[in-house]
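Each chain gets a letter, A, B, C and D, in the order it is written, and its residues are counted from 1.
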Amino acid sequence: MLLEIVRSTGLSHLSYFLGDGNEAAVIDPRRDYDIYLDIATREGLRITRIFETHRNEDYVIGSQALASATGAEIYHGRAIGFGYGNSVGDEDSFDFGNVRLRVLETPGHTFESISIALYDQAFGDDAVAVFTGDTLFIGDVGRADFFPDRAHEVAGLLYDSIFQKILPLGDQAILYPAHGAGSVCGSGMASREFSTLGYERRLNPRLQLDRDAFITSKVNEHHYYIPYFKRMEQLNQEGAGEFNALPRPRALTADQLAEHQKVGGLVLDTRDPEAIAGSFIPGSFAIPLHMVPAFAGWYLPYDRDIALLLRRDDEVEQAVRLLVRLGYDRISGFLAGGMMAWQTSGRHYDDVTAVHVDTLLKRINSGADYTLLDVRSLNEFKQGHLPDAQPIYVGELAERITEVSKTRPVTTFCGSGQRAIIAAALLKQHGIEQVEICLGSMQACKAVGCSVINEQAA
Amino acid sequence: MLLEIVRSTGLSHLSYFLGDGNEAAVIDPRRDYDIYLDIATREGLRITRIFETHRNEDYVIGSQALASATGAEIYHGRAIGFGYGNSVGDEDSFDFGNVRLRVLETPGHTFESISIALYDQAFGDDAVAVFTGDTLFIGDVGRADFFPDRAHEVAGLLYDSIFQKILPLGDQAILYPAHGAGSVCGSGMASREFSTLGYERRLNPRLQLDRDAFITSKVNEHHYYIPYFKRMEQLNQEGAGEFNALPRPRALTADQLAEHQKVGGLVLDTRDPEAIAGSFIPGSFAIPLHMVPAFAGWYLPYDRDIALLLRRDDEVEQAVRLLVRLGYDRISGFLAGGMMAWQTSGRHYDDVTAVHVDTLLKRINSGADYTLLDVRSLNEFKQGHLPDAQPIYVGELAERITEVSKTRPVTTFCGSGQRAIIAAALLKQHGIEQVEICLGSMQACKAVGCSVINEQAA
Amino acid sequence: MLLEIVRSTGLSHLSYFLGDGNEAAVIDPRRDYDIYLDIATREGLRITRIFETHRNEDYVIGSQALASATGAEIYHGRAIGFGYGNSVGDEDSFDFGNVRLRVLETPGHTFESISIALYDQAFGDDAVAVFTGDTLFIGDVGRADFFPDRAHEVAGLLYDSIFQKILPLGDQAILYPAHGAGSVCGSGMASREFSTLGYERRLNPRLQLDRDAFITSKVNEHHYYIPYFKRMEQLNQEGAGEFNALPRPRALTADQLAEHQKVGGLVLDTRDPEAIAGSFIPGSFAIPLHMVPAFAGWYLPYDRDIALLLRRDDEVEQAVRLLVRLGYDRISGFLAGGMMAWQTSGRHYDDVTAVHVDTLLKRINSGADYTLLDVRSLNEFKQGHLPDAQPIYVGELAERITEVSKTRPVTTFCGSGQRAIIAAALLKQHGIEQVEICLGSMQACKAVGCSVINEQAA
Amino acid sequence: MLLEIVRSTGLSHLSYFLGDGNEAAVIDPRRDYDIYLDIATREGLRITRIFETHRNEDYVIGSQALASATGAEIYHGRAIGFGYGNSVGDEDSFDFGNVRLRVLETPGHTFESISIALYDQAFGDDAVAVFTGDTLFIGDVGRADFFPDRAHEVAGLLYDSIFQKILPLGDQAILYPAHGAGSVCGSGMASREFSTLGYERRLNPRLQLDRDAFITSKVNEHHYYIPYFKRMEQLNQEGAGEFNALPRPRALTADQLAEHQKVGGLVLDTRDPEAIAGSFIPGSFAIPLHMVPAFAGWYLPYDRDIALLLRRDDEVEQAVRLLVRLGYDRISGFLAGGMMAWQTSGRHYDDVTAVHVDTLLKRINSGADYTLLDVRSLNEFKQGHLPDAQPIYVGELAERITEVSKTRPVTTFCGSGQRAIIAAALLKQHGIEQVEICLGSMQACKAVGCSVINEQAA
């Protein structure tokens, strides 16, 4: 019995390839599905079943594409109507080799969410593991904020699914969720990728609450709903269709990139913050590569051609994979030779000055007239921020741009400097000229021992 | 100026990626064209032009597929009508970066054959190299047997193309032909992949003949016309169309493979001769992997599904690439776990006993009653064979099977044992039961000092 | 917290790379330790600690080599004296990042065996996992046959270690043993690589016995003690020293290989059974590549140079890795071009005829005069064998060769044909000429429905 | 006959692997010689001979290391005494397979320089190629400035070697030199890697001069002698010894890197110019990765430990290879997590403001008080520079640092911005605080149409 975890970084999405005998099942496949075929070929297995733990909202699921390539059947929960595949429920189970997969209906995160218990028929009747989708994570539970009108109801469903369906499988069952730490689908997850129901039952902070406290805590949680979720939900319910091959963006000269911009194409700069700060192309969007999955969906439009500016040209495929998982297929080119190609073309570039946190502290003490724009999430902000910082979450910055003073210099600030560069580029796009960035941001603050304002403690 | 040679083994097909400035040209691209995109991405170049030196007969050219992926223009000779691309002639040249490519019409191998001279505009007006297609090879010249009614004419055209068009480019020009040693498109090629016009002018044996002697020698040559050539010619003239992705054959169990055979699918066994001899699946075709490009086109039908039996499961992709280059797309599966999966299934297997050349010599001396079937080409046979050997070229064995005695044991024999295993499997397919193979064959003969009959010396 | 499982196939050895914060620990490193450095570099971690769960007997541990490359400290149990490293016991624990590793003394398999419990300090005081070395496996427990004079004592220690030290960590703890299915260090392991203490407590058949029954069953077990174990134990206790780089065997011609044999070098043929059966080099040892770890130590001497004969030349590095893990460093060459190079050299080769199980059944019915040599283990033989089969375990065949009749034909037989080819080559080495092999062997028997004699059922 | 070109980027060093029959020769191997063993294994060849075209001055030759790994013999010219290997001269030739290698004594670049003519014995007596070391390049000839006291003599020797030894091999011979474009061993080389003696005879500008003009032009050339050359010459004459394995630098935290600096270690920052400009570690050396081979030898000391700061952690091995080729073995660590690890540690970083060339032009027009420091070579400077630029070659900047005003702002300037960042970091190291960089530099100038001062035209 082979179980291989396939990680999609950035989204922290975990999919699973489970094989035995001559067959295999894939749980929550990603859209660029070649990796599952590679495993199947290597192991001499045939993929015959695909399971979706729920209608995912944060990426395009690859079920239809993978089914088309393999002839496999697709299975998902029956609480909503899907435009493809088969609906299953508590009474369903699937056997191959020594594997038995048993469906558990576990609504809460969404109504059609299912979990899948895994049994090894060579041993016995206790579950050896359970795939919990977005219902139960390592150290956390799933979001339950997608149905604000029925907030209490779904929080209660989530509690019941965990306590009446999942935990009863036994302490011995290993936990395989659909996301690891860093996902937008939960917070407070462990950095660890391995746990069991027993461990979670005893030590997951969420599971120490009684039903009412659990519901209250879930109802009071704050999560961001990223605009592209809507598109993902629709695609994943109707069916995203086949996916033939990764787009192959073409090499562009600086002239061609400029022309691309001129005719409405956008430039996505995925370099590191200090490189962007050192020199960037006016008008470009900036998202350091590993943050593309988490932030592209906030503001990258689907109806414009994308040209990439990369740390190294050989990152093209990786960038393309990150984008197609979110449904961005119009990736037409990349600037060959990177930023130097732009610089040597004589075209104008812009920069953002880096400001050390010590300088911020001096400014605070001296009452300097500038905006310290803290682009972290509301939760992070409340847990500790610098005095006089203005909070606007990076994801909402574009739509709340008018809240930023255009007459004062702005210094962007976040956890480490990564989101701050996204924000800095957005400010520049919107005509704010005097922009600085605090590289290191709150982590540097803590390292040097800033005093911060904690609104939660208050 | 970057020049990268892309080799397709087995066919000994050489294609070329030539880049400078921000552009690149590809000469005679293969069908699985991903490698050209990889080079283009790595080098930051855009493929804008594709050249075909002629309507190739031994593989499916990837021009349309690559053009579709890149937007490049296709160029070929104008002596025949193509269903796609642009016709060019002596007056045409193409510049990018410091590159100048100048077209030379060089009929002979085919009427529409062109060569392409390469100039480095940074240096001067002498050609630095020439791409000669199938007109001039290293140590040989192209076949001129495709128009038997006009044999003298095309041989003369070939001579004139070489002496009036190509050699006048100067001794200094490097020679880049479309095939290296081992191709079915010529014989007597050097094992070396580098030469110049000057070197060939002085040392290529073909070029030491005068025009009449050249024509006579070409007219008297014997070449095999492999049946699949017809299909290739048609595809390459009409246009082979796009090529989206490599087929991904599915893992098969022994039962599934047997079912595949039962419903008309064929099994292609690409293991080494001694492994096939040791144990093989009844009814299967045997072609050691590296010989697939040279021999599949002789008798593998295009209208049956192919299942593969490999040395190792991880050779699937390589086998698929070799087959799709010949236009075989119906590759539906591979036996997972290899021959052992068949053996442990309890199904019957067959074998072929290996016979050392010393045993053959003893049989010859003792006048044993058996057939020594020499499956090498006519040319090879005439240059030296064992006494009483029966010559039938491996490619023609299926259609000449009635010439083989069914009542006597048969020992297959070739140059080294590779073609002999192809023949052995064919004999078994056609109901000849007592089959042996001489592993080592003529090379072993020579090593132990057999006396052979040389019909050419006579 | 990163946990990466490093598998050494064939030995089914599992080692573990555990990182958090900026540090990492490695548990039971293998001798070719480059993979741990690769992970450390990729993850930006420094390896600071190496743990040995016990003095391993089946491979050369890479602790000293890895420590030399990294500066890490080595830790092992204190019940025996080691020539290197630090001794630890129940009172010891080690923290880095959120990791806490706590030592448990768990004698039984060996006296100095330890297990290591893993805690995530970010969560709490329950173990999240435990590394059990050869004490507790998934579906089985470790061997306890290394101290035959104290058989009851060590079996009892093993029981107590499991029930008083390991299981009390709780059902929630994930189980990470030092071996997976296929190891010589246990039998009856699950094919699965994931389990928990809770799952084992409920379903591991060994753990369902009471202490006395457990001891009785362990004392009555039969295990083979492979001759090379002695060398491994000595090296691993005294310290195996540094390991600079993998040997790089040189390409050999057939002539050079023959010379190698002539001066006392041995040839190890790692091809598949049917390829060896089809044609092999007289005098060579035959072990299909994946079986090298399990069988080389039975009879390959350490004081002779080894030349390899491979399926493909590109398997050289893999073969070298498998051998150096067992302490074989004198790997001087490989036959370039494989078996064909030998065949075409004109040198003699031998073969072994394949016999289908149906033929065996006919022979049994007809009372044919031949030896059916069953080279499976005693346990396997007792669970079911063909009538009149002579049992000699493949590992003991060389020393018991006189038990095999030299006057009758011999057909070798095992589980699938893999060990049967090892045996066939040994018989040939020892002058037995009429050797056949049953490819498929017992698995084929079962597939076709042979009737077998089960001595255990009797 | 296999010829594989092995490129060492940055040095533009070309070494050659030439195989035929069962043997191979390597010409001018690099120190990290594993690639030659990989080719030999893949091709089934044994490396038996190593040729050095001369005592190289720009890298550590890997001859002794490779000979130790393979048992090959080393051959070099006899005009100087080497501490290892065999001396050869015009009368020597070496045969294997169809290869014949014939030695030509070709002094000039150095006294012991040899070239090696390649013949294919299957064809005839004309050279098919020649390996010319640093004597003749594509589009240029070798440096002849290493013996300033005998400048005319060695220039004459170089001329005679080319015209009396090399060119007489014939126009048809392919040219395989030891360096391609970008090397410090010549200038004006073609960007192309393929040429012939005939092409060079006609179009290489150097070969169009008569002997006297050639000598005059060579004597008047200006080349830089990089300080590390002295060490390379000594190692390569005495013998550099074995080379066991690449150093494996350890992952460092920001704290560990700071400690490394404190105890005398140096930091080498190999990121791109704009990333370094955006934020860098005070005190570090800056050399963009691909420029390490060309510039490290100017000022990186051999007696200090080196820690690396990389674009991405996975560039460690590449950086190590570039450094060990120059003899830098003390590479002890790399900053794990890159620059962000430093930024989030709260430690101070520095930056360099990017200045567009338009700003420079405005400053020139307005007579701004600042230093425009042009760090290109003297030749480049003379061919065109901005008004009032101060020329100091980047290689000499450290020792001529007192020539730079400490009281005025300094803007560094070069061809594209790459060398300008090296210079900027050096200025910062030497206490000059107000440093800016012109990204794009002269290439951007030309693109926007600056007017430049050309001292050669004057």
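Remarks
Just so it is clear, contacts are C-beta pairs under 8 Å (C-beta built on N, C-alpha and C of every residue); 3 or more make two chains touch, one makes a residue touch a chain.
A quick note: this is a predicted structure, and the numbers were derived from the prediction, not measured.
When every chain is reduced to the mean of its CA atoms, the largest separation from chain A belongs to B. A rotation of 180 degrees, rounded to a multiple of 5, brings the CA atoms of chain C into register with those of chain D. More inter-chain C-beta contacts link the pair B-C than the other of B-D and B-C. Chain centres here are Cα averages; for chain A and chain B they lie 49 Å apart. In this assembly, the C-alpha centroid of chain B lies 42 Å from the C-alpha centroid of chain D. Centroid to centroid, with C-alpha atoms defining each point, chain B and chain C lie 44 Å apart. Multi-chain contact residues, meaning those touching two or more other chains, do not occur anywhere in chain A.
Residues 1, 3, 20, 98, 120, 122-124, 126, 128-129, 139, 170-174, 190-199, 201-203 of chain D are the ones that touch chain B when the two sit in their complex.
Chain B makes touch with chain C in their complex at residues 271-279, 311-312, 338-340, 343-349, 351, 353-354, 356-358, 416-418, 439-441, 443-448. On the chain D side of its complex with chain C, the touching residues are 22, 37, 40-46, 69-71, 244-245, 248, 250-253, 313-314, 316-317, 336-337.
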